[in-house]
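Below are two complexes that have chain A in common, paired first with chain B and then with chain C.
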Partner chain A sequence: MSDLQSPTSAAAGKATDDAPTTSTAGANAPSAPTGTGRSFLPQSTLPRHLVVLVLSAVLAVVLLEVSSPYQNSQIATLSYYAIAAGGLTVLTGMNGQISLGHGALMAAGAYTTALFLDADEPLPLPVILLAAIVVATVVGALVGVAAARLHGPYLAGATLALAVGLPGLAIYFHDIFGGEQGMRVRAPQAPDAFESFVQTVSGNNASSTKWLAYVGVICLLITYFFLANLVRSRIGRTWRAVRDQEVAAELAGINLGAWRVLAFVVSAAAAGLAGGVLAIVVRLAAPSGFTLVLSLALLTAIVIGGLGSLLGALLGSALLVFLPPFVTNLGSDFGLNGTEAAQLAPFVYGVVLIVAMIFAPAGFVGTIRLRRMTAKARRGSAAQAKAAGANGG
Partner chain B sequence: MTAIAAATVASTLAACGGGDDGSSSSAEGGGENEASDIGVTEDSIKLGAHYPLTGVAAPGYSEIPTGVQAYFDCLNKEGGVYGRDIEFIFKDDAYNPSQTSQVTNELVLEEEIFAMMSGLGTPTHSAVVDFLNDEGVPDLFVSSGSLLWGENPEEYPMSFGWQTDYLSEGKIIGEYIANEFPDAKVGLFLQDDDFGQDGEEGIRQYLDDQIVAAERYVPGNTNVGPQIAALQAAGADFVVGFNVPSYTALSQLTALQLGYDPQWFYSNVGSDPNLVGGLLNRFSEGKVSDAALLDGALTTGYLPTVDMTDNPWIQEFSRIWDECGGEGELSNYRVYGMSQAYTMTQALQAAGQNPTREGLVEAVEAVGAEWEGPVFAPFRYSEDSHLGTSGMTIERIVGNGSEEVQPVRTTDIGDAPIEEFDKEPATPPANGIPDEEAYEG
Partner chain C sequence: MDYFVNVTITGLTQGIIYSAFALALVLIWRSTRIVNFAQGSMAAATTFIALALIQAGQSYWVALVVALVSGFVLGALVERVIIRPVEGGPELNAVIVTLGLFVAIQALIAIIFGSSFQSFPTPFGVRGFQVGGSTIPLTPTSLYVIGSVLITMALLVALFRFTRVGLAMRASAFSQEVARLLGVKVGGMLTLGWGLAAVVGSLSGLLIAGGGFVYPAYMDSLIVFGFVAAIIGGLDSPVGAIVGGLILGLALSYVNGYVERGSALVSVAALVILIVVLLVRPGGLFSSTTARRA
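Moving on to the complex of A and B:
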């Protein structure tokens, strides 16, 4: 056995010591846990993700049943932000493309859902949400083809145009899309099975708020399951190759453009689903719900959470949902009037963003991963030094 | 003791939504305050609202809740309603419907408000009107002139409008122009949504043949050059605008550039001279410093404005603002908020000593049309209509104020005729606090 193939060789150790690009550290989790004996999860990707999925589902049901109706509604809100942020983090963190237009892709999904639910006898909800995904995917593919040729600020500009332009269509074709005041969405009724399920699990009242929260969380779990598998697969590795070393990737036979378009399409599909969930949770699809602010909020969520990490996207979205009411209530408790307290929320969010940029530029998850990798590398080199010392002595 | 127990049972029944109107029996003198429904305790009633406090729509509109708050603070000092303090909680939605939905969830599910009042904006409130009605939360006095809240009480039994709807406003404007300017060539400058559509429909009922052009703008697009030029090219010498304040300023500046000087008529929403003056100053980068451009323009009114310093309501509201308000001056937006709070107080008094959500809605339907207050003309509340006031004056803008050119006339949606309103304006009661009897059902 040659030294090169040995896992304890200096060359292999060095390869992992090299710090990856700091900003995307969150994206670079190993494809399978390399440490031995530290994880109870299966080694193989699919079974491991299935176990995590089931655990998360159980945790979600517990969370939804012990929390108040208002917290249920916050979880529903969190789910659509997190689905869209998950898609965006795959695009930006994994593939290195920036998009300021995800709000518009969500609008495509939301309006599709609203139109389908407007029918006299609407189709089943899963079919409608699938349609939302398909429509957003088609829009995403069109944009992706253009985006694949653009870089950095030019790409940001093109997607920015999408964010500003697409909601305008809803105003222009106001006979179909209801113009400025949008389309009201009748939230679909919960099936009887849901009521009996909630009754058996907790005996709680199966309100429509709870039903929408469940729909959101189910969509979230499915989306993250698919995305997690995708980024750990050959596709994910190829995306990272395209992101980190274009020339090397091209030399290795990777068609840069096609892979970039694919990343955009996957990301758009997630945004479409997020839009569909948003439409039924908010009960409205209106242009003022899909302003540039939404696209920017998604971007800040994934940056704060850690670019490229799904957990980071979830944490960043949680910050978006839970921080403003928390700060506003804190402000009122300290004697600010309603208006001042409301103005405090965007201010504190800005401060959090700046602090995160200064002290944790890789985001929550990315920073923790960087720390862990550095510590591991240090342990590794210490062990090597020890071994070298022993040999020398 | 048994009487109280019986009342509790009755109000519990009513609180469940299926009860008859038994709860109001406890309103007769000497009864005790009970926690008769969600958001009501022995000594407080919780009300909620959503407004744009941050973002592009905040200037002006964010002052409304300060007016409401000041009025309720003064009311609470005088003993509130049936000894209960009014607790008014308002949340920021930044004029974004998804945020309206979030804060409304918070108000209804977390804060457990008794009723929503004065939720602002057509697209924003559209997002929550289904939710509020499904949850059985009274949704009183929406701050928008859309027909949505009042036209069809069967669809939205808990929702009530408050200000004049845009259709009725259009009719009154149309009749005035047909009578006073029969030779004018009228051009319409409309916001491209229900606001503009309803207004246009109303106007066209009275002067369809005088209209030479109807131009629409899309909110958000700040270039209105093409629309104003088209009105000029069509030869319109009288332009009626159903637009928001920022587009009043934009249309004025654009017309100035084009050397176009028709008689302007702005509907109530877009005509606040103070706000438009500030906007003109900002948009023109200081070249136009105040609302002088608006001098001579016509508009409509359904509430007294701050420049009417000899109006007793304005005097009363000034006193309230001085005693209970915060920083800043009394503005038309604060008058609007105080007037809504006044109507809300009437509604709570009418709902009786131990109000329920159902009872509140029934009381507004039954006696709301009889209430007098700062609003010029009565509300249209009944079982068949939840629309607010229907009467408007026509006013001419002079400086930062206005003078009346046509007294109040009232109408309704559909082909209801326009009638003169000959009742004397109401005067404010002592301390500006109404004294409505409990509605007994």
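Moving on to the complex of A and C:
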């Protein structure tokens, strides 16, 4: 593995064994290479991200309007996976902390949303989703304080206990949370403006599925816009410093613990929003929806996409949505019955995690960026050698 | 008072299974510095192999032996094929690989053996002994559980203390480089360590299944409890793992027995215990190593 990763380690500087740099350096390469002149996007971070945000929003509207209702609901599913995976990739990829408890944090957001929507006069949806974020953030801060002192397997085990333990609370307080059956969620009504918007854009029928897909996509775009800016800011740089070189970061005056907690809090906020979107899309908040497999699926998404890359998290989440129907069909074709075929998806997640970690720890996005960086470096050194040869002759 | 004794005995019986499972985690941690999150799934796989044999008409003991042997083979195979490439690399990579293995094996079990609940037999009775006219929860099965874990532990101690292989295994766990210089085949020792750990894990899986129901995810809570027990003990100390398992078993049994509807809170209690231990003594109660840096 070391020879596979040698170009990165050289590029990223020497790193400790603890830091997942070998798997993240490629994904963390600057997304807009400076000075190549090929990029048409603005050089400065905020305008660049704004341009990308507007382009993505237009693309999303087009996608939602040309796709079928079933695909609309798939996009809604994709949006909550991607929001949670985006938060997790900030935590794991940027800050080097692993969390298997994001399913539980999503549960916190989902139950909050369900409780608020259950009121006779529900608050406006953005307020409810904000409440979901706040609750998940508080839970995340509590976990983060404990997690900041842990690393690697200790952290994985502690968050694993969280993922297994927290749904138990929903069963214990079954008067509030509905026990094993969970809470049915009343889907929020689409505003009239939405109907006229869809009418003007495409003339399609503004169904409630479509409205939920729009809600999901809007949340997704806002989250990724925030996270992308955060990652490119001083905060993101500090996180990477904490991840790569604990001692050097501490010498530079960085309070390791506080920054780790902050990473966990930001990540938990994203998970809370994802939980809120999940609740209104699935219309159910139940312990069975937040199993360990959900947390591990999120981990699969960010690992296969490329740890530390938001684009990778998005691609990985797309895999979580579009792969299961595909492999389930494949399994049925090979003569498995329904329940057996349904297990093929987690099986593939597991195999993908193993294979990705052994053969391409930088993930999909990271591996491609690595290739590009290596090729560029090779061209650069070839040019240098040429120049040196000309000087010598 | 009777109730207290009953709850305590139940806790100790459960606790010793957690001990065995924690011991399997510690064995692997000591040799390769990896926490094997796939331990639970691997144990579940061997339990289902045993169940298939029993359903095919074999005796419990044949099934037990086959399950333990297949556990050893599975553990050794996993170390050689899947863990070896990530050994010594970034610790996050190893964690993710064992997690992947965890999901993959669990799903494979569901595909092969089905995901319904199936009852698992026990070779001894599950009726409690009579003491002075009242029934205590100490059953022949719990005696069998305690006995088999104790025998396994004694065998492990004997292996590590009195045999050349055990010495070589301890040497490779202590310092791979030095052991290699002295002619120890470190790679083989690591494979052997994983195999032995998988045997102990399989045993705990079979014991917890005995007299109850098994389904592909039935080890999920045990992996958490085993991990918590190992952390209480410091993850580095076999004795700590055993004591940690007993402490956890007792604590969870009291939560279950004295808190109203406490069974839903058992996992939460394990989480709280874990967090408290990690905050107060991150190295565990029995840690021999000092705090590590970078």
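To be clear about the criterion, the second predicted complex is superposed on the first by the 335 of 393 C-alpha atoms of A that agree within 3 Å, B and C clash if a C-alpha of one lies under 4 Å from a C-alpha of the other, contacts with A are read in each partner's own complex, and residues count from 1 in each chain.
Heads up, the rule we're going with is that contacts are C-beta pairs under 8 Å (C-beta built on N, C-alpha and C of every residue); 3 or more make two chains touch, one makes a residue touch a chain.
Since the structure is predicted, the reported quantities are computational estimates derived from the model, not experimental observations.
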Contacts of A:Leu292 with chain B and chain C, given as first, second, both or neither: second
Partner chain in contact with A:Trp259 - chain B first, chain C second, else both or neither: neither
Chain B versus chain C as contact partner of A:Ser73, first or second or both or neither: first
Chain B versus chain C as contact partner of A:Tyr214, first or second or both or neither: neither
Chain B versus chain C as contact partner of A:Gly168, first or second or both or neither: both
Partner chain(s) touched by A:His151 [first = chain B, second = chain C, both, neither]: second
Partner chain(s) touched by A:Leu100 [first = chain B, second = chain C, both, neither]: second
Which superposed partner A:Arg186 touches (first chain B, second chain C, both, neither): first
Which of chain B and chain C A:Val352 touches, first, second, both or neither: second
Per-residue touch tally on chain A - higher for chain B or for chain C: C
Contact residues common to both interfaces of chain A (with chain B and with chain C): 168, 171-172, 293, 339, 343, 345-346
Contacting residues of chain B [partner chain A, same complex]: 53-54, 62, 65-66, 69, 89-92, 94-98, 101-102, 105-106, 109-110, 122-124, 126-131, 134, 146, 191-194, 218-220, 326
Residue ranges of chain A in contact with chain B within the complex: 68-70, 72-74, 77, 168, 171-172, 174, 179-182, 184, 186-187, 208-209, 278, 281-284, 286, 288-289, 291, 293-294, 321, 325, 328, 337-339, 342-343, 345-346
For the chain A and chain C complex, residues of the former touching the latter: 1-2, 16-23, 92, 96, 98, 100, 146, 149-154, 156-158, 160-162, 164-166, 168-169, 171-172, 245-247, 292-293, 296, 299-300, 303, 336, 339-340, 343-347, 349-354, 357-358, 361
Of chain C, residues touching chain A in the complex: 29, 34-35, 37, 82, 85-86, 88-97, 99-108, 110-111, 114-115, 216, 220-221, 223-224, 227-228, 231, 235, 261, 264-268, 270-271, 274-275, 278-279, 282, 293-294
